[in-house]
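Look at the two complexes coming up: chain A is in both, with chain B in one and chain C in the other.
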Partner chain A sequence: MADVAIPRAKPQMTEAGAWAQLKHNRNWLGFWFMVPAMVFLIFFLAYPLGLGIWLSFTDTRIGRVGHFIAFENYEWLWDDSIFWLSVFNTLLYTFVASAFKFGIGLYLALLLNEHMPFKAMLRAMVLIPFIVPTVLSALAFWWIFDSQFSIISWSLKQLGLINQNINFLGDTTWARICVIFANIWRGVPFVAITLLAGLQTVSPSLYEAATLDGATRWQNFRYITYPLLTPIIAVVMTFSVLFTFTDFQLIWAMTRGGPVNATHLMATLSYQRAIIAGQLGEGAAISSAMIPFLLAAIMVSWFGLQRRKWQQGESND
Partner chain B sequence: MQDFTRRSLLQGGTALAATGMLTGPALFDFAKAWAQSAPWKAEPGAKLTVMRWKRFVPAEDDAFNAMVAAFKAATGTEMNTFSESFEDVQPKASVAANTGSGLDLAWGLHTLPQLFPTKVLKMNDVADYLGNKYGGWTDAAAKTCKLGNDWLGIPVATNGGYMTYRKSALDKAGFKEFPKDFPGFLEMCKALKANNTPAGFALGHASGDGNSWLHWVLWGHGAYTVDQNDKIVINSPETAKALEYCKALYDSFIPGTASWNDSSNNKAYLAGELYCTANGISIYVAAKNDASKKELTEDTYHALWPVGPVGKPTELQLALPILAFNFTKYPNAAKAFVAFMLEKENYEKWLAGAQGYLTQTLNAYESAPIWTADPKNAVFSQASKRTLPASGIGTVGEKAATAIADFIVVDMFANYCTGAKDVKGAMAEAERQLKRIYR
Partner chain C sequence: MSSVQIRDVRKSFGNFEVLHGVTIPIEDGQFVVLVGPSGCGKSTLLRMLAGLENITSGTISIGDRVVNNVQPKERDIAMVFQNYALYPHMTVADNMGFSLKLRNASSDEINKRVKRAAEILALSPLLDRYPRQLSGGQRQRVAMGRAIVRDPQVFLFDEPLSNLDAKLRVAMRTEIKELHQRLKTTTVYVTHDQIEAMTMADKIVVMHDGIVEQMGTPLELYDKPDNQFVAGFIGSPAMNFLKGHVRVNGVATFEGPNGVKLPLKTAPAGSDGRPAVYGVRPEHFTIADDGAEAEIIVVEPTGSETQVFAKLGGEQVVAVFRERHQFNPGDKVRLKPEPSLVHLFDDATGKRMNA
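Right, the complex of A and B next:
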């Protein structure tokens, strides 16, 4: 009996030792604190992303398991003029809308940073476009730009400036302008309020010192406000570009990608092919094709705008 | 069992009385008698889960539910019915087919049963029974559901769309009746525009309206996306002619049709800005139900789609087939339910509830009271007879359905009509897209 008991007791001892060690290991504890976040990220981000990429290499249809077909979906997309049109549309949409959103957002932020009556109320009001659900604002814009019932066409007709409705969503150029306008309207508050928050962190003493040194208002902005705001600009513009690039609801509610695919973004084309037409694999390929663009956008703003060295007080190379 | 039946009969009865859309006990008496003599006896303790598309006309849904309740009461079958919007029906049915569970019956759109021919319950006996009893099936309806000699489902009804126009505008333009051929139709559209009472048809991504009228133009010229062997034949002189014809039409339309979706023509017509379009009966029904639109209602008429140079009707109407999955535990109950729905006592009331939104696929129902109740309903009775399957002359199935859902034909016409591409460019793009789908 004793013979048996001893070897049993031994591993128990060593086990307890390891456990005790582990108990006091901060990394081990840290790991467990991280697990919930990790599980969340893996299940809700990494897994769908991986699945999407996998699907793009198959000929899956809705409700039917597909076979691995390697790059066939991508090969078909490569000389698909509608796909490239959607890439062009997406870039145009993102670039123009983001530029305007930045310009108007910064202008609004600077304006709201001044002392004026009803400041708090004005700041709250700026957020309204951001609060309205996207689909509702998109439907409102759809009516505003309707080919027969547009309030703009109606007003201009009443004023006698035009005698026929403007073909807002039926003309390719007009349609692009309209959806970009709607996107800018919706996106400006986000940029403005975030930049305003950034502006509030700039210490007034810097402006005082600069003013004593005889700096103009422009110099104040160029050499104090702008450099101190860059990190925030980098973050807010990264988000803004990502949101714009992946926009879906506005387009889908207003034009469904029409007229003649002139406003089809990669996201809407992907939806049309994957869900409406049932070709999941091909839709996934279009979605996956967005990843390099998104990565590039992130890289540009991260490395181009957020210079670590400068932030740590070293010279700005 | 007897108790159970009686109780559920009672329950069904009160529920139906509440909806007020009843034929009272008569329906239940019929249902009971039918259940006793029908060729299919529901399995004892049968339970059916039925998915259908979400109704557009409430009265149609009421009639459907009344049949379900009567069937439940007469056969003792537990019925679990639910509805899904148009675009969700097919994915959900596909998932059920894929996983082999969840649904017993699915009532869907287009050529749904063709998407998974190995997963459906063959309905040959039901089709024969109904076909023999009610004057046979229409061609398009049969094609939609048949694979070889097998019926993969039963074509329950067709959702028809027809020319909807203002008679006063046509009179003023010098047209006593609606044109019956393509040149006449073009002349009429031009004359309407000259009078500032324009016609308009959707050239935007309108899945219903855009697809139906543009396929009509295409097929009317003898052009098709694919031939009988699914070979792509869109790049043809006939298509070029169809494009030219469509461009001429487009130039006579109310401006902005390139941006139209499925609801645009309804809005414009009901607002009195549009004088001729093609649509389901919903425009007329909406006008009829609006007391302030009395004048417009009286002035609104329907007409058949003019016949193109090919010399026969080439309409595209929406087929609505029902299918039972072969993994259902109660195949006889499923068959019995489908047959029960299409019996005269049920079906004519159902058509009446749908107010013209649904058209029969069995020839005998052409004499259903709904078509004569209002003379303006009459043309809609032709929908299932004058339509081609959604695939045109090609094979019915998922590729054809994908081509329609992906707006291949709509985009081709829109490309040329709006001047975005020339004839060759528009056809080439459509050809390239079809190759992708039919690869």
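Right, the complex of A and C next:
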């Protein structure tokens, strides 16, 4: 019996081996764990992105299948002064808002990192603008900056500083200032709380060591806090720039791009052309034109992050 | 280099007083170790000396100057932290030169002094590395280098060896002591490890619950502890304590637990019948025919010596022998404490009773 069983068992073992090996192959198993995420990303990210880029090369309109027209949409945009205005607006909006968000966010983070009464409550309060849905806060700002009922105009008039209402959202300069202000108000909590989290990872003994080494409070910030915070600053500012660059809700709820396109961003212009006017191809081209800018922003932070050798543990050069 | 005077210093956090009037004189060039269990206030005292904590009352002076209200950076002290507190974004050289840079020293001057400190500590090949790329012992040395470069009046060490493994700790202990012998800078060193205190200190200050229990040279503390706390804290294995009564019946003896008779050289006057604690160090037991009977529980040979745990009058004691006795668990032996080396403490106050 045993004599028979042994030669039989051998081929069986190798046969089962192939499947068993596969079952225990970590890469094979790992692949299946990745599938849900992959499907999700392909359907909700890669596919729409690809479709958008493809649409930008066609003359598709709502209700009409388009034809491939190569770069014609882009050629149109090249000569479109409104498109260039929106590019300028977007850059202005992004740079000014991001700079203020960084400054105010860092200031708030440093402030909230100090010991003070009601610290937890203050930290929670800082988050409020972030929690309120964008459209709601945009509506609030819409009223605050209303040409007739603006509380700012009313207050200034009561104080006797002005005689007439300021036409906040009707004047091109004022409109730009207002939407940027609203964006800053909304974006500061994200920067502040993230930087605060970064500040709290800095060991207090480093400040003590620096204090004993003779550092003033400013030098503590300049030589300890700021350099240790740069990795988080790079990440948070990249995100902040990306969110600001692609902002849509706030503008659409407050000004819809007006007055005279002064607050039209690329995102709002794209929506206006593609959905409202039905020119899907042209709208898609405007959207696609944002990609190089966004890539540039990511690259800056990527290379900024890579320079910091002190963070990488292993290399012994 | 400077002397340091700590006079009746108190510290409260809110209503909670953690230091109850501490006075410690420290001579110029002395290596003083503050030792005590966690929560005894030793680190707080060190931080007050550094200027990182306010002084509630009393005075601390460095040299001739009272520093109570002097900014940390004006005190001319350097501190080595338990977690080293190296700046992670600076190279070893920058870490060591940071304090000089803040003083606007010229880069030549910084280079020169960093180089010299690096040579003393054998850090020269590592000057361009970042703290992450260093081992624990190397980081420890950089932290010391940062202190040396300053050439301060006083070095402060806050449990600097507790993050190192046992072997490295022993090596660094010697290194720090050697460094002190070389630089002769006044040093205040905080630790909870009595062996570190014994091996390194010129003067040990034993602290407990915010007061100084005793200060003196390592051997003074070992040979003549003022009270039961110091007796139990200094020495490893710890001193054996047996509760009982002093009996003076022509000859002084100690009546231990369950009537065990233990020898006393002399009894303090008028102590007959007083409840007391009999203290004997493990190495002061000998095997003798007139000793008290004890039953061996565990035998732990370490090679150089053998630790024997035994029941004496129902209480567990530990004895250390350098001779190689053949002991087995369950054996009955006669343990005799050396009468001239016995310590006697008051049962109620814990104060030393014999001379």
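Please note the rule applied: the second predicted complex is superposed on the first by the 292 of 317 C-alpha atoms of A that agree within 3 Å, B and C clash if a C-alpha of one lies under 4 Å from a C-alpha of the other, contacts with A are read in each partner's own complex, and residues count from 1 in each chain.
Following the convention adopted for this analysis, a residue touches a chain if its C-beta (ideal position, glycine included) is under 8 Å from a C-beta of that chain, and two chains touch if they have at least 3 such contacts.
All of these numbers come straight from a predicted model, not from anything done at the bench.
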Clash or fit (per the criteria above) of chain B with chain C on chain A: fit
Touching partner for A:Asp213 - first (chain B), second (chain C), both, neither: second
Chain B versus chain C as contact partner of A:Glu75, first or second or both or neither: neither
Partner chain(s) touched by A:Ile275 [first = chain B, second = chain C, both, neither]: first
Which superposed partner A:Gly257 touches (first chain B, second chain C, both, neither): first
Per-residue contact with chain A, leading partner among chain C and chain B: B
First (chain B), second (chain C), both or neither touched by A:Tyr223: second
From chain A, separation angle of chain B and chain C (C-alpha centres, steps of 10 degrees): 150
Three-chain overlay, closest Cα atoms of chain B and chain C, distance in Å: 51
Interface residues of chain A shared between complexes with chain B and chain C: none
Touching residues (chain side chain C, partner chain A) in the complex: 50-52, 72-73, 77-79, 81-83, 85, 87-90, 98-99, 102-103, 129-133, 146, 150
Footprint of chain A on chain B - complex, ascending: 87, 90-91, 93-98, 115-116, 203-205, 207, 254-261, 264, 267-268, 271, 273-274, 398, 401-402, 405-407, 411, 414-415, 418, 420-421, 429, 432-433, 436-437, 439
For the chain A and chain B complex, residues of the former touching the latter: 61-65, 76, 79-82, 146-149, 164-165, 167-172, 175, 255-262, 272-273, 275-279, 282
Complex interface listing, chain A residues touching chain C: 203, 205-206, 208-215, 219, 223-224, 227-228, 308-313, 315-316
